[in-house]
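Each of the next two complexes has subunit A plus one other chain: subunit B in the first, subunit C in the second.
And now, the complex of A and B:
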């Protein structure tokens, strides 16, 4: 069994080797690919972008759109998931329609959303919402269904109302799967945010990526991609941490 | 009466499902007819059906569908060929896992579309960049599931094999691979969906054929009936492929037990 410090050592060495090869690849002529820049140039580009406000300003705009879309997804998704999990007829009624939408890459709706909600901010909110709401609803419904019916009957036999059932049994019981849905939703929402900004606006961090891509400035481009990657990494990591707190070893339900 | 009720109960999910679907379509049609919303913006089921017919009759539908499916196939096959062995090695050997782990997890949590401009610079606008995007979308899921599958093998089984003098080779092909198969296939199913996202998004951004191209082309011209027709085909492709893999999954589960 390898220990924690050995793990860090191996991971760190691997990253270091990757960076060194990357740094030397262009000057040594190891790659034929158009332009892969170099880590040192990327770092320099990042510092310049950060200094001129081209990182944090767009990031702020992006995160604003993401947050609004994601909060709407939570507000709509959790009650919908509860209803789907609780009322069988309702879930049977919308099941085919729902599955069709769930399997479909919702990002394909981009051209519609741009017209319906306006280029830029509106479309971003809509895409983030559409990306995030599906995993949230599905996993919440799964959580509700998984709650042992005996507990529901127990509340009933002690004279509890439907509200009591929700508040005291269903909601607490379905939190762990719900958290999985929320984590998957964060990933999908971030993806939607970047796609929307790249597709139809010059705003936000995605728009910035599109702009530097079009002008073939690879160093700046990679610096911005690294920022987005790091953002995703931090978000998912936070969600995973929260999830670990509330749940232990549950299967996740994706599409 | 009793038999009708029985008949209903037996087919309840089916009946209610189609009822919901028909109801939604009806509502959509009515909304367009009575101008609850601008028909130009929301189109209508009949409009979509007409657009669908035109698309199919000119034969462009088959070209678009073929292009997208081919891109999907290439990306998915490549990611499986690279991803499964990589996942197996990472699951089998701790040191390799620790070495590659940071890269895999970074890719897993990155919104992968952000690599798109880079692919354009490297590979040029066109099919190659689209396949590369779909490949990247798909391979991460395959690696992660394969690794988890190999890791999840009961160590008792492995020790049992060892005590009967099984070689590493035997252990690998008789215990590890069959044991991990279900996880790997689940990973392939999820990866196929992700590859489809990659193909469609790549085509939306820039291409001259394919379902995503159809959607963005008509979207820019505000011909939303054609856009919905495109979305409809995308849904069919997604559902069809998922059913296909689920079918394979079910076959293998039966074979396993």
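And now, the complex of A and C:
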């Protein structure tokens, strides 16, 4: 087993090598494409953008939209997933419609969403919600269906109510798949946030990306994209931490 | 005093084709208070169904189940079930699993719960494993948790559904003798389902032998072996005679099963 610092060292070396090759690619004539920028230029662009308030203020706006959309997705998605997983009548009722929505290219609905929710903030919330809610619902339902019926029977046998079954078995029992859904939802939500801001708004980090992208200012563009991927990285890490917390002592459990 | 009474109980299960499958037919049994009754029969011939009916988890389609003379309408605090598959919650520790019934029945004072749990941890010999998760335990230990969980709510009736079927043979012997020790201490009425004739005779005051599909009583055999019983009792002539007799009753049913005809 590698120790933590050894693993960090190996991954860090890979990143460092990548950055060096990228930095030297143009001067050494390794690439013919003119505009791949260089890490040093990207770093400089980032500092300039940050100084002029073009990173953190937009980021704040983006995160606000993301958080609202994502929380709505959780509040709607988890109960809906539970209902779909638990009650056959629900899944029969909703499944056809749901599958149609699921397979639909939802980002293609951007123009409509703008009409419904207005340019900017409203549309972003809607897109984040639509991106995140599907994996949350689907995986929660899977989690509920995978709950061992014998656990439910045990709770019933002790006189537990339907609410007890939900609280003591269904919810904790479906945590692992549910967490996968929530993690996928974070990724989809972030993607939705950026795309929505690029096309339906000039605000937020996505708006900035759209702006610099259209004027081909590569260094600034790459700096902003890097901010978004860092954000995704941080979110996924937070999710892992939450997963560890809620499933303490059973990370390795197979049931 | 009669504790559990089953009168002409029929149980049917709906089938995918819309028909009804008769699992238990005209089942008759009276169990005295404090009695240890085992039910033995070929696999899948309605043995477990009988326990589920007594527990109130499924309703009979005909006949009556009475506890202390009152009809069973659902699960109750006077009964607790021990499952073949243990049915422990994998995200809970041993301690917390034992607490499940106590939590659900909300009739135990908070201050007593800790003491109650440690009492049953000790009774089933799980000291030192309180903070372990089920996946860290062997099959035998998991079932100890299952038994402690059932005993912890202090039921009058203990319903045991092939509790040692998923445990290796040696552990099984040990566990059944420990069960007898606990039973002699706790004075519960026990209804114990098994497909092991040995186990059925060793544990029981009376053995109910089932016939195959649909399950009904073929014969009820009193076991007049002295208690407390050690494992050595299995070599006594009376034990051997009873085992032989039950096997004769079951052989025909089992032969049919092995031949693949009328499989339950």
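Heads up, the rule we're going with is that the second predicted complex is superposed on the first by the 231 of 255 C-alpha atoms of A that agree within 3 Å, B and C clash if a C-alpha of one lies under 4 Å from a C-alpha of the other, contacts with A are read in each partner's own complex, and residues count from 1 in each chain.
In this section, a contact is a pair of C-beta atoms (placed from the backbone, for glycine too) under 8 Å apart; a residue touches a chain by one contact, two chains touch by 3 or more.
Keep in mind it's a predicted model, so treat the numbers as computed, not measured.
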item	value
Contact breadth on subunit A, by residue count: subunit C or subunit B	B
Which superposed partner A:47 touches (first subunit B, second subunit C, both, neither)	neither
Partner chain(s) touched by A:7 [first = subunit B, second = subunit C, both, neither]	first
Touching partner for A:75 - first (subunit B), second (subunit C), both, neither	neither
First (subunit B), second (subunit C), both or neither touched by A:238	neither
Touched partner set for A:195, first subunit B, second subunit C, both or neither	first
Partner chain in contact with A:20 - subunit B first, subunit C second, else both or neither	neither
Subunit B versus subunit C as contact partner of A:160, first or second or both or neither	second
Touching partner for A:150 - first (subunit B), second (subunit C), both, neither	second
Touched partner set for A:172, first subunit B, second subunit C, both or neither	second
Overlap of the subunit B and subunit C footprints on subunit A, listed as residue numbers	254-255
List of subunit B residues in touch with subunit A within their complex	12-13, 16-21, 23-24, 41, 94-95, 98-103, 105-106, 108-118, 120-122, 190, 193, 196-197, 200-201, 204-205, 211-212, 215-216, 218-220, 222, 224, 227, 230-231, 234-235, 238-239, 242
Footprint of subunit C on subunit A - complex, ascending	148, 150-151, 153-160, 164, 168-169, 172-173, 175, 247, 249-250, 252-255
Contact set on subunit A toward subunit B in their complex	2, 6-7, 10-11, 13-15, 18, 33-36, 89, 92-97, 99-101, 103-105, 107-112, 114-116, 187, 190-191, 193-195, 198-199, 206, 209-210, 212-214, 216, 218, 221-222, 224-225, 228-229, 232-233, 235-237, 254-255
Contact set on subunit C toward subunit A in their complex	55, 57, 74-77, 79-81, 83, 85, 87, 89-91, 93, 100-101, 103-105, 133, 135, 153
